[in-house]
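Presented below are the structures under discussion, each in the form of structure tokens.
There are two complexes below, and they share chain A, which is joined by chain B in the first and by chain C in the second.
After this line comes the complex of A and B, so read on.
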């Protein structure tokens, strides 16, 4: 069986179980509508202008968050990865901050920033910085010594070596970090939208569907959209990695 | 001929967990402009350390290195190194052309000139058509030719080569040796090449420096009186060549007769003979 076929079979089995459970009466159909109901609601909300702007708002916030996270984490990672002194000095702070879930900062962020998009973006950036930062630092440990030595033998300065050797060497790892960061960022964005509210976003839509209307079918349909966004983002990075940094896997498997 | 490189009283000691390791002892020699000098020595005699101190990559514990009269502190600008491990020395994310341009980025500001010089260097090594490819798309021998082109592109006054042909098959190795001889004849390059292969050192060198076991020091400075025009088949078969290689082998083993090929080891490469001789030597010492 081809991987695509395998994936589709898995999905079909999952939907089938859900359908059976949803119709069996184990749970009330109102609380867990079967996929056939959700599919109908999905068609409904996809053409709904309000929901479309919710999706756009969340996706846009995701793009902005990940972009900011890259701009913060990659230079910081290069700095911490290249200069052990900086790494040791910041270790305590980093190890303290890292395990704190960004959702825990929601109340603080709301008080400081209000409920506009900057709140969820700030929290998503916070969450997205870590995987990129750690992948960049890790990547610098993996830089081929002979590459560094070659650059040195050709008279490259320390800073220039970091930019022309360490940075490109790190790209495959950084891309993996960005990929992880995107998934985490999406989770944090939707969570923040649900908890802190705000005007637009998939999380806001879910919240309204739950609290106002009690429409579980709409809630699940929106969740399916969120899942699809996550899936597509991941797939896009997969393609990007294969196309742009194929040299990484090729050289690594060869050596 | 003017002196290009002058090494005097060079020694280097590494600090390790269990004390200090004296990699090279007291090394002194000179290389004249336009010469190809081979340093040959047994494994672990500090050949690579010697090369790294000359290239300024490591600072020697004692002694001095002068490159056309100026003491080497840090990496000199007009020096290039070709490492043994081409697969780890070329940058996989850069095309062949870009790899060759790499040393020029700090030295030649005009982009067009960089491109032109890299193209030229690739032509010297017969890889004009491969500029757009990536290193991992090329065979090992071609990759090492790219590394040589990269070193030549900066037009160094001294080219250092650290066992450059040790990682390729025998056929490719012969081709690369002849390529090196042709290129240095065409460009009048000064080359210091480190190898553990006795035949290679005699075949390529104008002079062969024999390095002793660790801590390495030069035991002999041998002139190679072979004609400048060399050929893999006739040169290697000539009596002068055979004499010289026996002489180097003998010197490497401190005067013992070096060539005693054992029947179990195929007598193909000098390395095998060398190992066989070494094995025989260990044997005789354990017997006594």
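After this line comes the complex of A and C, so read on.
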């Protein structure tokens, strides 16, 4: 059997067990609907325009947040990482700020910014900046001295050294950072949608499904969709890392 | 000696950062960003102004903070037991992993806060719901890292264990577990920060008491210094958990050659 087939067999067996348990009456159907119910609801919501815009809203917010975070964190990381003093100072600041879970800022952001999309994007950007910044700065520690000395011997300016030596060698680390940033970004977005409400988003959809009729099938169907988004994002990064930075030892050890 | 200067430097820098924060917030005078000189007294007022008979801790600490911290640690511990146990078994079974890989990858990809509503409906409002959400979120890093760790047992050890006819428990406890420990610790540190996140999220979504509950309450009262007090507290908790785990890791893994390198790569 091919690996993919085996994986699908595993998935099918899992669903089968769930189906049997769900229908047996051990658990209340209202609480744990069998996968056949959930799949039915999944089919329903996938063609539902409202749910589609919820998914688009969350995915778009994720793309925008990560893009903004990259635009902030990569240049900042290159700049700060190029000067040892700034590098050490930033590391210390990051060390003190990183343990604060980004979700702790949700209530503050709601009080400050309201419940519009800018609130969740601001929070997701905040959460996404750290892993990218940290990885970029870390990458600059790993740039080979030989390359830097060669650049110096050829009389490269500081800016040119950063752009043509530091940046390319930092790419694998940055990519790892962006990957982490995407998954934490999604977590923060969905948490904010669930807590702050807002008009559109997967988190909002799930909130409504829970609070309104307590529709567990809808709740689980939306969870499956969110899981699929997370899975696809991860798979995309896998492909990107293998294709573009397969030369890096980082990619090999991380996979 | 280097350790001491490093320590002093680090805290000198910390003081400097707080001073800069103080100056910036005073200059900006934004109501949402109170200066640390207001947050500090608010923290004392909120938590440390209790009677001597209760160790100077306020009711808030006993009614809200300790239960939240307890749930975080309990959920994390349950996740650790499940993750390590299952991970070591799965990691040594190539067949099981072939069938379960997709399922595990998918489970890990579900943003864990989404399980809060699920547990809220099935378990109702309260500690079990929070524990469920914390365990679901915190189990993945430990599980996946334990699997990776268990697979990394080198061939010589496998052959030696076979030659000595080690029993199942001897093999798992004496060979696989030690080999997997560095990975397991990395997973444990990741999962405690996730446990903290899920404690907060679950309490922000729905709760009757707890740290997240108090954070929301402070927001409702426009008590910005109070909100920041809880935000800072969460940072302190995250920092303390990480430091404590690093210390344990250091002790447990002292026997490992090349430890310094492994620590740097995390």
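Note that the second predicted complex is superposed on the first by the 229 of 255 C-alpha atoms of A that agree within 3 Å, B and C clash if a C-alpha of one lies under 4 Å from a C-alpha of the other, contacts with A are read in each partner's own complex, and residues count from 1 in each chain.
FYI, a contact is a pair of C-beta atoms (placed from the backbone, for glycine too) under 8 Å apart; a residue touches a chain by one contact, two chains touch by 3 or more.
Given the structure is predicted, the values throughout are model-derived calculations rather than measurements.
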item	value
Which of chain B and chain C A:87 touches, first, second, both or neither	neither
Most chain A residues touched (candidates chain B, chain C)	C
Touched partner set for A:32, first chain B, second chain C, both or neither	second
Partner chain(s) touched by A:146 [first = chain B, second = chain C, both, neither]	first
Which superposed partner A:7 touches (first chain B, second chain C, both, neither)	second
First (chain B), second (chain C), both or neither touched by A:101	second
Contacts of A:226 with chain B and chain C, given as first, second, both or neither	second
Which of chain B and chain C A:164 touches, first, second, both or neither	first
Sites on chain C touched by chain A in the complex	10, 13-14, 17, 32, 98-103, 105-118, 120-122, 193, 196-197, 200-201, 204-205, 215-216, 218-219, 222, 224, 227-228, 230-232, 234-239, 241-242, 265
Residues on chain B engaged by chain A in the complex (per definition of touch)	55, 57, 75, 77, 79-81, 83, 85, 87-89, 91-94, 102-103, 105-107, 134, 136, 154
Sites on chain A touched by chain C in the complex	3-4, 6-11, 13-14, 31-32, 89, 92-93, 96-108, 110-112, 183, 186-187, 190-191, 194-195, 202-203, 206-207, 209-210, 214, 216, 219-220, 222-223, 226-231, 233-234, 253
Touching residues (chain side chain A, partner chain B) in the complex	144, 146-147, 149-156, 160, 164-165, 168-169, 171, 245, 247-248, 250-251, 254-255
